[in-house]
Amino acid sequence: MKYAYYPGCSLHSTGIEYDMSSQLVAGKLGVELKEIPDWNCCGASAGHTTNHLLGLALPARNLAIAEKEGLDVMAPCASCYNRMKTSEVAVKSSQETKARVAEVTEMEYEGKVGVKSALEVFVKDAGLDTIKSLTVKNLGGMKIAAYYGCLLVRPVGIGFDDPENPMTMDDMVTALGGEAVDWPFKTECCGASLPTAREKVGLKLVYDILTIAQSVGAEAVVTACPLCFMNLDMRQNDLNKKVDNANFHLPIFYFTELMAIAFGEKPAKAGVGKHFVDTSSVLAKYNLK
Amino acid sequence: MRRVGVFVCHCGSNIAGTVDVERVAKEACKFPNVVFATDYKYMCSEPGQQVIKDAIKEHNLDRVVVASCSPRMHEPTFRRCLESAGMNPYLFEMANIREHCSWVHPDKEKGTVKAIDLVRKAAAKVVKDEPLQKSSIGITKRALVIGGGIAGIQVALDIADAGFPVTIVEKEPTIGGRMAQIDKTFPTLDCSACILTPKMVDASQHPNIEILSYSEVEKVEGYVGNFNITIRKKARSVDMSKCTGCGTCWEKCPTKVDSEFDMGLGKRKAIYTPFPQAVPNKPVIDRIHCTKFKNGKCGICQKFCPTGAVDFEQQDELITEKYGAIVVSTGFNQFDHSVYGEYGYGKYPDVITGLHFERLINASGPTMGKIKRPSDHKIPETVVFVKCVGSRDEAKGKSYCSRTCCMYTAKHATLVHEKIPGSKSYIFYMDVRTPGKGYEEFYKRTAEEYEAQYIRGRVSKIYQKGDKLMVRGEDSLIGRPVEIEADMVVLANAMVAREDAGDLARTLGISYDKDNFFTEAHPKLRPVETHTAGVFLAGACQGPKDIPDSVAQAGAAASKAIGLLSKTQMESDAIVSNVDESRCSGCMICKGICPYKAIDAKIITERIGGKMAERQVAEVNKSLCQGCGACTVACRAGCLNLLGFTNEQILAEVEAVCL
Amino acid sequence: MSLNTEALPKSQEVTASPEAAPQPWEPRIVGFACNWCTYAGADLAGLSRLQYPPSIRLIRVPCSGRVNPQFVIRAFQRGADGVLVAGCHPGDCHYSTGNYFTRRRFLLMQRLLEYMGMDPRRFQARWISGSEGPKFQQTVTQMTEDIKALGPNRKMRDVE
Amino acid sequence: MQPINLTSASAAGKDFVEKVRKASGVDVKACYQCGKCSAGCPVAFAMDYTPRQVMRMLQLGLTEEVLKSHSIWLCAQCETCSARCPRKLEPAKVMEALRIEAKKAGFETEDEIATFNEKFLRSVASNGRVFEAGLVIGFNLATVRPFKDAGVAPSMLANGKLKLLPHKIKGRDAVRRMFEKAEKMEGEHK
Amino acid sequence: MITEKIRAAAKELLEKGEVETVIGWERGTFWYNSTPVFISKPEQADRLVFDDFCANNLAKYLLDYRNADGKIAVFVKGCDARAITRLIQDNQVKREKVYLIGIPCTGMKEAPKTVSSQDVAGLPLLAKCQSCATPNPVIYDILLGDPVPQKEVGNRFAGVEALEAKGADEKYEHWGKLFSECIRCYACRNVCPACNCRECAFDANGLNWLGKQNNLQENQMFNMTRAMHVAGRCIECGECERVCPMGLPLMDINRKIIKDLNELFGSYDAGLNLEDRPPLGQYKLDDPEKFM
């Protein structure tokens, strides 16, 4: 299986671990990733809340480049995936939109290729049995809360899993030998740019998610979005400082990091050393160092 | 040469508004055979019909065309008018220039042209009309009630009191229906069993009522007054004649199964009666769970039965009976809220439905009337009620309002306050709809005396947090999101049709709407009849409704059935098929087409070539024929013709319309 | 005695140009409607004041099973530009099986008409129930548009 | 609290509602004010008007008041409301359309969020990709909190999570032209 | 050789008085068409013959014997036998009143172009025999000669498919030209075993299904209505095409109907077995609804 790889801006900076671990997992699963040459930013939520057509055109340019090589796109970041899927669906469903987007991007995107999120490619398409068979060091029952955020599962028709109770990552955790904890905040929003742009509001959302995760006894949280990762990982000590009796030490993982480790890669190579919240203690507990 | 009179109706401004009625009348005069044409403000009114009668006499008319509304509305009216003027009512045609013309074509010029065409069509057909007579058929003076809930029982009692034998066919092992599961009934809070069980006993003891419980209607043939209905009496594995209902069998039976009657909150045995006051109080063996049927072992119930009533070899029994009228009262199902991911897909044990709650507060329920939450049997302090679950929700549920939830939720809140001192109940609502007699006062009392906190807003998410249920909503009156830590949540699920309602409708030949509720003949004027003569509706199977409305409808349906059965003869429609025996070659292709088996072969003798010879021809049984006309097309030689819609009449209409 | 082929109607389609003709040409559609469903659906469309082009003339029959394919040919002969046969959805027929025969007869008839050179859009059959007023309105509107595009029907008609 | 003159408000509101319908594909008249969107909205607690109230203000024609609200900026576009609306409406799309209209009308009630988005897009327009470090620093300076989250900078640098120089893509002029074109074409989404 | 068997069989039946009449073929005025013959005495049996020109389908003559008392014997080729089955299904002929003598048929020949040449072998098979799918009779009391092998028929709907592929106007042009040549002599109806009504709808006065005018649109009405009437009854005996004085390709219409019937309602060939019911006389719940 060969995909046009769309890392997105975060995977080259704040979400570097997600890129590293995705490459490793792709190697293990035999998925060939060919980075889209000269890809541009998908505009994320800033784009489509400023100019709707721009919000469709920015991802369309990347899709057009991928279409030239006849490859479907794989976008690990949930926001990039959501934006590209919205553009793909819009262009496919209306000739007029296709024409207007083509006019803006000055490139022809016919809609012959589509976009898949990393979760779809590495878990759903690969299949749980393949994952089980590749697991060398299983997670030994580590209690993990799978956090999907919103853009992977909503809106209906764009999201690829059940908007209220998605299970793809939970199944992956079980397949890797971990214990996927059932908790109600799988798809509650982490606030995206709010923790940065409007801290008081954004932090409360992160606080609620971490509190519930802790209350169900999760030893770690796994996610598939660099923005959710950054909010949950980087903001823990902000919360510990700013909110009394908040004491969060909940390691946050990318699902590709867990897969890489379970497939026998050295954790450091997967990038777990770069997190804000220390992951070594939980990894040691389940001798995954 | 015929003498046709054309009468164009204004229908106030409904027609005259967008059709030039005078011009239509003027044009009508030019049609062949039309000798008189006029227009009048309201043709269907008394004076309007008088205009027709006078014109018939004055102009010696032998055919009448009325251009007004849909024949489905006033064809009978004008036929009676002709009859009273001494004319055969079938020498009459209508042109629908209202529903099919004035109301749908705003352009007056085009509307008028079309109206003229429609009148020309009617005039062309009326010329070919022949006088027809109705024939009369006997009526089986016996009624069938499908569904033994409160509505079915009430219908049966009313018909039986009028002196006609009634059979109640009930799918469950006992009659009583949904009402038997309910604890108290609004608005008077009297106990449901206290007002239902006496009726059930009356029904079982009434000389005119026969109860076929644990039975279903398999096939319906025939037509009004002469239905023959095949009923499948499902095998109870208990001989009803021997069983005394002593209960030894279900005490000794080792197998425990979730009781459907108790909504899965309590257990029942493999041999069981759904609830103690069951009528007939004779058990049924659940062959899916009974170990005897699963692997041949056990059989304890047979051993201990004092009267040897248990009979494992009993088979389903098919009986066919003749009935004159059918009343359908099959009730409703509760909406399955597992489609709501935001409410936990039905996985949270303490998120229950209204019927579950009814079983909890019911004295003969699984918790003997104490409200204990299913997960850990603790008595809930904070109870949250969520209304409109599945109702008024085009996205995941039904678009309609289920009418009864506002009242039964208010009732539940009252009972929570009474049964759990110090408890607090919150009710999430969009609108409180309590229109019945004494309903609004009942609702107000819940809020004032029973401290039920009403919050206007739909609940967006319910999730488990520790042993509490977090309920997130918005109080849209002050515009603030709210959150409640509840011990138990009761969802007021929508009323939906039974899952097999569609199949039953097809078996009966009655129509049903997009939600599988049966369609009444006319929403306002004929609410308990259906388009199929002789089949009546009562209760929630026709649409969501509460007990008072169901019982009222039951009375109405019963009176309709009694009206039908009280007739000695019934006139069958004159629109029936007719065979031209001289041309019929006896190929009998028509026989296989007729849905009512109204056509059969007969041998006639006639003189052919100088000697008498026998020949087979088709013959139509006028009382069985319902006038669908499917046979007329199958007959290549065209010897089968449908009176009132003959080939000549329809060809005349086609030609008139295509000029 | 043989017929001269000039008498053969000119079969190329006369495309009505709406702008030119003073009064835009209104197609003439003959509709056979079953009394219990489609006729009631048309009544409901009237009750709900759903506007549609005045091109259709409904002939009421007790059941769609009463419509003889020869009526359809006769309608085209006498100048109909389009014919619609409409009845209850299979399974909902008031006479329980009437429309099953309609379905078979008109599936065959539609193909025969097409085989004889009649444009398939001119002959339609639809299931329209008593509660589907909007569907009746859309069917008539759509059919009128299709036939307006085709222009008046010259085939199988009285030879002018 | 002045009474709302509905006659003038709803007249003016009518064509604004039509503009919102064209931009978002949502007919706000269909909303029956059940409040499920507000109940599920993660940031409703911080809003001046809950999503339901925003829809109500549109129904009543209070165009300016709604365009000056904080809610339309705080909305994180997480689509929870659209996924659960019983009338199959999409309040998220309405919020998006209102934010665009507010920007056009010059109202940026949540100026910090508006600034963040502008900086984000300016970085994309000039580099073709977001230069995260530049964005954060630019945003902090613009919001006069130069040292906000400065603490995390060193460890991020060490972990290679912060690039000091933006990566300018070859096609950045094409991307810049896209911004201008989209601006010119009024960005209407049919 | 078959002719001796035929004569012997006929003579024996008549001598024993088992049948009143025997219907067969005899040499016609021209050597290239044999004509039907009705014999009632044993000695007349010698007139009977079976050669390459016995194309007539004798089944329909039984309609004239509806009220005759006593049995009738009739010689039936493969196609004729299917006609008998249809007539029995339409209650026009009682099985017990007919004695069927089956003859496996290798196909009848066309008349020669030039009268003079006597070369029989070189003559091509009749159109209807080229695509014959049932050379051996499906119903008979006795069978003269052993069954003939079923020959490869190829796609009998090729003509129909070629026509179907044409555009609407082309098809109308094609059929318009042909139907304008139809002189409405009704030979096709009179020879067709499927058309077994006592009085045809088109003959009945007062029932103006069909105008008496002999113009294109009435011809279209006649031919299309006949096609619909014989739908599910036509046994592809091809007689209508053979007897049509104007040489119209009538089988192209009937085969179109048969093709559609098979495509739409499942494979069905008329007259193959007695229990079949014509497709338009029944329905299946899951019938297709292509354009409804």
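Should a chain be cited, it is by its letter among A, B, C, D and E, assigned in written order, with residues numbered from 1 in that chain.
Here is the rule we use: contacts are C-beta pairs under 8 Å (C-beta built on N, C-alpha and C of every residue); 3 or more make two chains touch, one makes a residue touch a chain.
Computed from a prediction, not measured in an experiment: that's the story for all the values here.
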Chains partitioned by contact, chain B not counted: A, D | C, E
Any chain that touches chain C and chain A: B
Intersection of the contact lists for chain B and chain D: A
Most centrally placed chain - per-chain CA mean versus overall CA mean: B
Chain pair showing more contacts of the two, A-B and B-C: B-C
Far-end chain from chain A, centres as C-alpha averages: E
Chain C and chain E: spacing of chain centres that average the CA atoms, whole Å: 35
Distance from the mean Cα position of chain E to that of chain D, given in whole angstrom: 80
Chain centre separation in whole Å, for chain D relative to chain A (CA means): 22
Length of the line joining the C-alpha centres of chain A and chain E, rounded to whole Å: 74
Residues of chain C engaged with two or more neighbouring chains: 69, 74, 91, 97, 101, 105
Residue list for chain E, restricted to those that touch at least two other chains: 209, 280
Contacts with 2+ other chains: residues of chain A: 163-164
Chain pairs that touch, as defined at the top of this document: A-B, A-D, B-C, B-D, B-E, C-E
Residues on chain D engaged by chain A in the complex (per definition of touch): 23, 42-43, 45-46, 74, 76-80, 82-83, 90, 92, 96-97, 99-100, 103, 110, 112-113, 116-117, 120-121, 124, 128-130, 132-133, 136, 139, 149, 152, 155-156, 159-163, 167, 169-172, 174-175, 177-179, 181-183, 185, 187-190
Parts of chain B lying in touch with chain C, wherever the complex brings them together: 70-73, 96, 98-101, 103-107, 110-111, 113-114, 117-118, 121, 506, 509, 511-514, 519, 531-532, 575, 593, 595-596, 626-630, 632-634, 642, 645, 647, 650-651, 653-655, 657-659
Residue ranges of chain A in contact with chain D within the complex: 9-10, 12-14, 16, 38-41, 43-54, 56-58, 61, 90, 94, 96-97, 100, 103-106, 150-151, 154-156, 163-164, 187-189, 191-194, 196-198, 200-201, 204-205, 208, 234, 273-274, 276
Partner chain C, residues of chain E touching it in the complex: 160, 163-164, 168-177, 180-181, 183, 209, 214-217, 220-221, 224-225, 227-228, 231, 253, 256-257, 260-261, 264-265, 279-280, 283, 285, 287-292
Contact set on chain A toward chain B in their complex: 162-165, 184-185, 212, 215
